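Here come two complexes built around subunit A, the first alongside subunit B, the second alongside subunit C.
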Partner chain A sequence: MTTHNSNPPARAQGWGHYLLIPLALLGLALFVIPLLGLIARAPIAELGVVLRSPAVGAALRLSAVVSVAAVGLSLVLGFPIAWVLARFEFPGRRLIRAVVALPMVLPPVVAGVALLTALGRRGLLGPLLESLGIELAFTTTAAILAATFVAAPFLIIACEAALENVDRELEDAAATLGATRLRILWTVTLPAIWPSLLAGLALCWARALGEFGATITFAGNFRGRTQTMPLAVYEALQTDHEGALLLSLIMLAISLAILFALRGKLVRR
Partner chain B sequence: MPRTLTLLLLVLAALAGCTRGGQTQQTITVFAAASLTEAFRAIERAYELEHPEHDVELNFAGSQLLATQLLEGAPGLVFASADPVQLDRVGAERPLASRRGVATNRIVIVVPAGSAIMTVWDLADPGRRVVLAGEAVPAGRYARLALLGSPLDSVDLRGGVERNLVSNETDVRAVVAKVRLGEADAGMAYATDVLGDPQLELRELSPPFTVEPARYELAVIADGREQALRDAGMQFVEFVSSPTGQAILAAHGFGPP
Partner chain C sequence: MSLRADLGVDRGGFRLDLGFSAPSGEVLALVGQNGAGKSTVLAAIAGLLPLSRGEIVLDDRLLERVATGVRLPPQARGVGVLFQGLALFGHMSALDNVAYGLRARGVDKHTARARALAWLERFGVAELAERRPRQLSGGQAQRVALARALIVEPGMLLLDEPLAALDAQTVIEVREVLRETLHGFAGVSLIVTHEIGDALELADQILVLEGGRLVQQGSPHEVAAAPATAHLEAMLARHRLTRDDLLGSLKP
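== the complex of A and B ==
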């Protein structure tokens, strides 16, 4: 469909909307019906019992710890990557950008296998870690690393895009006024990219919270240590699918709350 | 725009053609325990040679997960469970036909080649990293039953092993994978899972830690099917318990039912 910007606003011609609107509704149904299914089938009356069960308590606590730690780690390591990518021109930058985004498209199980081949006992860094007395596999640290690996790209990409849009003249002005690099970052750059940073953090957290494949591959499945909520849902599904439905519903509510609270804020800006 | 419409119609026509094309062959969907992977792939090939009118589709996972899927109405026609308990679960809600035992297996300790772990007692040594299948998984249930064989109440073998337990895997193959990767020092899996793998060795359980063998049972999920499809499923079950099917299972290390 062509648009003529010079013309005064006119109703677009054609029947495109007859095609697009039903398809949009069909697409919406695809997203909404599974959620309705969960809500309709889950035995909500038993929610209290399920929430009080030790396995669920442990999984909720662990998910909180792992996802928050993963977001923290993503911020500490990911923001500098975004900053370097946005501020410096160097050979291989595009390659690095692609590598950093790779975990977003990689099947999570592959991410888990990759982590094993790097940090597992027989992995590339296995002997080094062993000589340092560090054992990662099957520990909460492994679960955090797995979540960070798959979730950090969301933060990095959001930050990099925002950093590239920051008005460099403001930063330069601050520099001529004698501000140090860190002070410029804190007082000029960060406030400018705050909404994008928040969006990146929200997506990063939601992804870390939902992480399953890399975790079960790299960190295993052990209650209170590596069994986060998604793993608990999967385990419950094998025997007690009513319980699994309720756990899924809890996950759904938490994820929706994160996206709603944080993304809503950003779009307004 | 008319061109788009033509394209759309063409796509729809093509899709309709796809569904029509599959009519000549009947599809037998088999939900099979993860430990049966290689054996049932071989059985699939042999069966399809004998019955070109049938197409066997295999879906492997832990039997407990397959049972849950079947209880949720998954379209599996034949269920090959590593544990009669899981078939009972399905049978409580869906009618089963042609149910029978087709093979047996035994739980062993799986270790990386050359490991110093020799007996069940070594699994309880402090600092060992042991991986089992989850309690709901057949291999996990059999393994825990075996550990209960501890002769002295004062020596809490199972407690010692549980302390060393680092992961509850969702099927027996995941247990073997963690041992093969070297991430775990030992696991408990079926003897057939280790067969022909130079990286792994097995340690047989000796009395009093022996349990009755794992029993593999097959059945056709008989509700809501046309008679012809039910018959096809029964033919597959017959084939697995026929001399040919039994020979394939034996070649993959399974015991007779």
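== the complex of A and C ==
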């Protein structure tokens, strides 16, 4: 009989959902074990030597320059795209939305090939760029473009979603008070989407920092010019296995530190 | 100095079609059920929603005329709006909210804030100047929003359900603030409400809207004496009941 069940609420909740916990632990293991492997095998004693080597210093500096420049470019070009997509109805909007998101699912190597065939010396716009005296392929600028290409969608999608969720009454109120559209964007809309914008910037930056495939295809692997940290890891892996582990560990530490620092700020609204 | 509105709006199967006018200083109340088109009227006059037919003339200024393609944007209409959700800017202090319209008109920060403070004083909330909207009670936020709408000296004031989101005690208090404010306001005011009691209390003229059309127009006395719709009659009966209850409960 169940009439004397001492704990009916617990019974009513059921127990099937507890099955999710072992699955969550298994999933966590999938993420954590490779990281532990990296930490366990990396020759941490040699960290100081590796950090002082000129190749690693150059790669770190270049990664900082490329990822920050890519975020800046994504903001300057990506935010307007997000704004247009969120604020205007026009034919082809869905297609443009899909095109803008495409780099997120495209293999980065394909993105690199696409960039090369468009902007490379023998690419579609190659003659035009050459006549203007601009050479992109295998330069730092190319590395920045490649990182922007793959990272900007993260910012655009975050901004577009946020812009669509802004309380339109706030913008209407500002309009009735006499504010121009640009003033409304600056004083009302941007502050309202600020947390989402920040989250989008963080994701965009993280993706740019980790960018490998498009960069090596379009920009090549030249120390000091296009060899960012992921490329340096790849190169080290072929000659100096332990060095590669250490470089990976450095990337891991930087990424984790930034995500950890931002996480609290991003989730709270 | 007056308002003349002839409003036609077609909007996805819904059709709004009504005309009314009012002399300056008059308080109009627009009553009707949800979906009658009250908010559409408000958005059309504010310039937030284009007319499909008709025209709006405020104080001899043509705000919109479909026939000649005239359509002033909300920024140029001089129509103040008290939004239903108040729409106070959450990232600004109460003071900067009130100063916003002056800043948008190019008034320098110092002057704008000084004048905003004077407006907060007028509504008795000057001590809340530095608070953010979320730190204000319903009644306080209402006063800040009123000050923000009035500081730019609009030619007309639109109020969307100004008492709907307030608790019973605050309603009485804010209704008094509204009565004084609207009484002292030189232009036409239009209050959208689904509470016939508020309309009877505050308005000089009541417009009854149903299905996008005006079904009755008259003084509170006229409307109360001969309500044109069953819905209005039911609302009036309920209003009298609660009022009698209230009066009864006050008697010893």
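By definition in this document, the second predicted complex is superposed on the first by the 251 of 269 C-alpha atoms of A that agree within 3 Å, B and C clash if a C-alpha of one lies under 4 Å from a C-alpha of the other, contacts with A are read in each partner's own complex, and residues count from 1 in each chain.
Keep this in mind: a residue touches a chain if its C-beta (ideal position, glycine included) is under 8 Å from a C-beta of that chain, and two chains touch if they have at least 3 such contacts.
If you're wondering where the values come from, they're calculated on a predicted model, not measured in any experiment.
Peer 1: Quick check on the superposition: with subunit A as the shared anchor, is it clash or fit for subunit B versus subunit C?
Peer 2: Fit - subunit B and subunit C, as placed by superposing on subunit A, sit side by side.
Peer 1: Looking at A:116 after the superposition, I want to know if it touches subunit B, subunit C, both of them or none. Which is it: first, second, both, neither?
Peer 2: first
Peer 1: For A:195, is the partner it touches subunit B (first), subunit C (second), both, or none of the two (neither)?
Peer 2: After superposition on chain A, A:195 lies in contact with neither partner.
Peer 1: For A:138 in the superposed arrangement: first (subunit B), second (subunit C), both or neither?
Peer 2: first
Peer 1: Comparing subunit B against subunit C, which has contacts with more of the residues in subunit A?
Peer 2: B
Peer 1: In the overlaid three-chain picture, which partner chain does A:177 touch, first (subunit B) or second (subunit C), both, or neither?
Peer 2: second
Peer 1: Quick one: the Cα-centre angle at subunit A between subunit B and subunit C, nearest 10 degrees, please.
Peer 2: 160
Peer 1: Touch test for A:220: subunit B only (first), subunit C only (second), both, or neither?
Peer 2: Touch status of A:220: first partner only.
Peer 1: Of the partners subunit B and subunit C, which touch A:234 in the superposed model: first, second, both, neither?
Peer 2: After superposition on chain A, A:234 lies in contact with subunit B alone.
Peer 1: Measuring by CA atoms in the overlay, how small does the subunit B-subunit C distance get, in Å?
Peer 2: 46
Peer 1: What residues on subunit A does subunit C touch that subunit B touches too?
Peer 2: Of subunit A, no residue contacts subunit B in one complex and subunit C in the other.
Peer 1: Which positions of subunit C touch subunit A when the two form their complex?
Peer 2: 46-48, 73-75, 77, 79-81, 83-85, 87, 89-91, 100-101, 104-105, 148-149, 152
Peer 1: Report the residues of subunit A in contact with subunit C in the complex, numbered from low to high.
Peer 2: 167, 169-170, 172-180, 183, 187-188, 191-192, 194
Peer 1: Which residues of subunit B touch subunit A in their complex?
Peer 2: Touching subunit A: residues 1, 4, 62, 64-65, 68, 71-72, 129, 131, 134, 136-137, 165-170, 178, 181-184 of subunit B.
Peer 1: Which subunit A residues qualify as touching subunit B in the complex?
Peer 2: Going through subunit A, the ones touching subunit B are 14-16, 19, 116, 120-122, 137-138, 216, 220-223, 225-226, 234-235, 237-239, 241.
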